[in-house]
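Chain naming follows the written order as A, B, C and D, and within any one chain the residues start at number 1.
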Amino acid sequence: MDGYKVRVGVNGYGVIGKRIADAVAAQEDMELAGVADIVADWRIQPARRRGFAVFAAAADAGAAMRAQGVDIAGALADLVAQSDVIIDCTPKKIAAANIEIYRGAGKKFIVQGGEKHATTGHSFVAASSYASALDRQSTRVVSCNTTSIVRTLGALKRAGLLRRARGTLLRRATDPWESHLGGVMNTLVPEANIPSHQGPDAQSVDPDLDVVTMAVKTPETLAHVHYWTVQMTRPAGKQEVLEAFAVCPRLLPIRMSEGLSAINAVKEWTADAGRLRGDLYEVAFWEDMLTVEGDELFYAYMVDNQAIVIPETIDAIRALTGVEREADASMRKTDRALGIPLRIG
Amino acid sequence: MDGYKVRVGVNGYGVIGKRIADAVAAQEDMELAGVADIVADWRIQPARRRGFAVFAAAADAGAAMRAQGVDIAGALADLVAQSDVIIDCTPKKIAAANIEIYRGAGKKFIVQGGEKHATTGHSFVAASSYASALDRQSTRVVSCNTTSIVRTLGALKRAGLLRRARGTLLRRATDPWESHLGGVMNTLVPEANIPSHQGPDAQSVDPDLDVVTMAVKTPETLAHVHYWTVQMTRPAGKQEVLEAFAVCPRLLPIRMSEGLSAINAVKEWTADAGRLRGDLYEVAFWEDMLTVEGDELFYAYMVDNQAIVIPETIDAIRALTGVEREADASMRKTDRALGIPLRIG
Amino acid sequence: MDGYKVRVGVNGYGVIGKRIADAVAAQEDMELAGVADIVADWRIQPARRRGFAVFAAAADAGAAMRAQGVDIAGALADLVAQSDVIIDCTPKKIAAANIEIYRGAGKKFIVQGGEKHATTGHSFVAASSYASALDRQSTRVVSCNTTSIVRTLGALKRAGLLRRARGTLLRRATDPWESHLGGVMNTLVPEANIPSHQGPDAQSVDPDLDVVTMAVKTPETLAHVHYWTVQMTRPAGKQEVLEAFAVCPRLLPIRMSEGLSAINAVKEWTADAGRLRGDLYEVAFWEDMLTVEGDELFYAYMVDNQAIVIPETIDAIRALTGVEREADASMRKTDRALGIPLRIG
Amino acid sequence: MDGYKVRVGVNGYGVIGKRIADAVAAQEDMELAGVADIVADWRIQPARRRGFAVFAAAADAGAAMRAQGVDIAGALADLVAQSDVIIDCTPKKIAAANIEIYRGAGKKFIVQGGEKHATTGHSFVAASSYASALDRQSTRVVSCNTTSIVRTLGALKRAGLLRRARGTLLRRATDPWESHLGGVMNTLVPEANIPSHQGPDAQSVDPDLDVVTMAVKTPETLAHVHYWTVQMTRPAGKQEVLEAFAVCPRLLPIRMSEGLSAINAVKEWTADAGRLRGDLYEVAFWEDMLTVEGDELFYAYMVDNQAIVIPETIDAIRALTGVEREADASMRKTDRALGIPLRIG
């Protein structure tokens, strides 16, 4: 397969889809077949600006898109036909119908974390379940929250430190682009049920994780923040924990002492660094806040919910197609193309 | 001391002071000697409206207050002289100097949770430390966050269920009246250190509590919300936990299923009920969200940070003066006068 | 009609309905026949707490309400039968159907500002259109924004000062009780069309007003704020303008210089004053900010959107039933019962 | 001066300074001599990442900066010596002292809008006052709000349409990077005085403008929004107004009908377009909202307060140094380098 580039189609050009399209275009071993959507307003324009092929995801959408000056390369079926792998980034109910299309065309595909595990029978986080995704027809890249949980707890598990983890998840209420359409104001909104779904969802990637979560919606749009109490297998030093995190890609230590003392400051830092849209692909954990007391470990991190699953999706493409059979090698390729990790200077 | 009314002076007529003044005035066994402050604007007007005696807390404050139509009954020293107990509700650095005044006048006094335990050598939550406060010269009513922790964990302890508790505290950023002067916007601000100070502070009331807390500031003004993971001494049923809470005053079960699904809705409910300023003196915990899994207990509650310490302060007055020697009896008097607990209908 | 009390039914016990019910109950010449709604959760409980007769506004609602311990006095038709006047405070589409019920029963009724003028053919603000409402079968109490416009511009008109007025309306995004269900976050949302509808709506009360408005939604829940540029008929002094406002009920001068420098501070002041729910029935304009330059007048005021129409509705009841034929006399009765105006001390 | 590049030093590497440094580096006829600051945390790191020479703006700052891995190229005096023009982006009180340094070194310099007009005796907006800035030693680039006013009203004036303009300015409360340090929450904060200072400030650039403004702080961090009522010299068609705006650089028509219906959506659009930090240098006015009624004009626009003065500052450098004597030519150079105007697709 020397020099062969995997042809990737992105169905759904929203918050996640537009980022995946840019990330695919940045990979040396991939080629963007195009993007499909139904919107005709400003949201489709980045695709046009970048010269991506745009497909009409619904029969009646093409006319409106053309009226706004968007050249239409074909219908969804055309994009599917021209792709080796389809990344489905459409809203929940639409995705279910799409899957039949992908299956009917005999194409590999990836769904997002809003779908259930049963949809594909496999849930993906690169550092934990790359091998089992190799050569499959499909997988599900888990949600931003779940991805961050599997990355961090997986790192502790591989270091032999994890006994059980209990987390409180502070969720951003809505994404910035749509904060005029809905959100919560001057309140906190607890999720009605304890445990929240993220614990079992993490176990869909790694059944060994003993994890319970509680979740609450907060009135901000920037990122989620998770607080963890971890019962370790034994008393360990802080340095040992930091080393367990250091060997895991996409876990980024940041420091209160360097002024990164709130999630808005961290976002400014990533924007200053030149990251497109200011995206933070890493789980950024506060290194100086992290505390070990005997066999208990306490820490907090932030999750850029729009960005964190992007590198995972790129890796999932390689796993499904088998163009790269080693997780570490895939992650290195992805991270080099996306400028991960972010260096402070 | 039949029929004798304890004369109470309130120094500092801010968010806490104005509420304590109203609460004192509502007790049958207390009399408000007056309030002292230095502000001359709208903030002092509720005292004038209610006919409270107003004292100038600083030498140069009286003139400005008189210019705004406020009759000045005297200086701070006069209020101290006319009081059996002084409740100090002034900002942190001012309180330290005031204490010398109270001591010099041989008066009993109560400071707020912003002060250190060492200031008075005693920390007060009615259900846990009333007896040890009896006849003392002074005590410290702990902060709103700490009060809620001691109320809830104390209840579990008395039921023999508490082994250790780990909490994540979501703090409101600022009080509503001053949200134009400062606050945080569209961000989450983790407290720099883990553990946060509330755990040790709870231990200043009850050293037996095994409690660790992490805290984060959120962009809202209404109330704090705490999430807890409790390791119990043994597996217990949910009903057993609810009964442990039920016998403790000022713990109020609320239900998601009744629409009280966020802190703004709860505040509307308390305002509808006719509570002055919409105050919620109780720790309101979501009964249907509370979950027991084996020997682990998970729950969340909200803390109206402006109101929760008010009944405790009233009880502390009785403890210091000894006019009521039983904690339960004092709490019943306080709660009857303040309309605690809030009934749903 | 000596001693006769108008029997008032309130259909819809939401943000406006619950306030009207309390206000009716506070009038000496009115009697609350009861309230009707379909909710069974915490929102109906204030009616139960106050001992109001509760009617089930929909056939299937009664069972759920009874299950929550609410005694049901009957169906909507029963409430209508027992009332002289019905105040409809239901959501927009429901109101239209209700009107047929009221008409069918031959009852007088009042709708809220969400309905169109044509619904009743008459639009009501006490100071401007009381006389023309006398003995009518129905009227529409205009919206909070429009009420404030008619109150203020009407006062300038009666003083012979108004030529034309251009306003920018900053709207609160949602009401506090429902800010967990929707709202806007960290943004400003301009109303798509200029002029916005409030100008023509004010003209439905007083066609003489030359008024154009632009509106924008802001991320707060407390109150609207309006900014005005008024072309006067001639150069006038600031004192002359203040006097024009002073003779109009429900226009309350407040001052930046007294610390009432933002709408949150004003709301704290009204809550401190003991107003139920902290309601501000008055249009509160900043007296010291108001500026006259030649024949131009500039000012800003705040509108407590949950409260401002309550006294107008009470007056509208008297106008429709004719129990009081003078606008001024009705307003005095209403205002005395509601504690209007709010005094600073 | 063929091929000569103006050497520009930037003193103060904050919200404005870091953007000016990037913009200078993007100009073909300029060279960045370096940046000076005193911070040693994440905020200085973008300079290091880009390879900019970093100077210690205070004697004691260098050590801390070096400790964080920042190479220090010298002191502020060194930067001044190596620059043809200094852009002062320091906080208000510091700027005053700096000016003496620049004058002492005989260097040209530019201050920001936070300084008074008298500081330099000249106030700059490229489209209005470029010619009078030619060869001066210094000028002041006016504030973001004032820049937007002069751009838009200047365009109407040049088209012979402007008689007088009355504006309501909704100000963002704080910048995103520092929204954890302060801001306003769930409130609106009127500026205490009418008129606000922006009207007279616009007249410091163009004394002919008849403009009065009122201002209010709103709880968001993204951008200012201005609403205008303009009395034109005569009735005009909407098309005529749009043409007046079209010929003025840096006025960008956007449309509600294309989904750009709130300032958060506009910011997402600029970030999607690949603008560094998502900056919007243009005044973006809603074309479909703009309304003409007879001789009155109504419109609203948004002002990205962090970005709008950047192109003006670049033009001011050319004006002071005389390397380009025509305003239009300078603006074309600046705009080409910065990708202005933003095209929809």
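Note that in this section contacts are C-beta pairs under 8 Å (C-beta built on N, C-alpha and C of every residue); 3 or more make two chains touch, one makes a residue touch a chain.
Predicted model, so just to flag it, every value in this text is computed and none were measured.
Enquirer: Return the chain whose centre of C-alpha atoms lies at maximal distance from the corresponding centre of chain B.
Expert: Result for max centroid distance from chain B is chain D.
Enquirer: Which pair wins on C-beta contacts, A-D or A-C?
Expert: Higher contact count goes to A-D.
Enquirer: List the centre-to-centre spacing of chain A and chain C in whole Å, with centres computed as mean CA coordinates.
Expert: Centre-to-centre distance between chain A and chain C: 48 Å.
Enquirer: Chain C to chain D: how many Å between their CA centres?
Expert: Their C-alpha centroids are separated by 43 Å.
Enquirer: Centroid from C-alpha atoms only, then distance chain A to chain D, rounded to Å. What do you get?
Expert: 36
Enquirer: Which chain A residues touch at least two other chains?
Expert: Where chain A meets two or more other chains at a single residue, that happens at 176, 179-180, 184-187, 189, 219-221, 261-262, 264.
Enquirer: Once bound in the complex, which stretches of chain D touch chain A?
Expert: Of all residues in chain D, those touching chain A are 18, 39, 41-43, 45-46, 48-49, 68-70, 176-180, 185-186, 221, 258-262, 264-265, 267-269, 271-274, 276-278, 343-345.
Enquirer: Can you list the residues on chain C that touch chain A in the complex?
Expert: Per the stated touch rule, the residues are 173-174, 176, 179-187, 189, 217, 219-221.
Enquirer: Quick one: in the complex, what on chain D touches chain C?
Expert: Checking each residue of chain D against chain C gives 166, 168, 170, 184-190, 192-195, 212, 214, 216, 218-223, 225, 227, 229, 256, 261-264, 286, 288-291, 293, 296, 298-300, 302.
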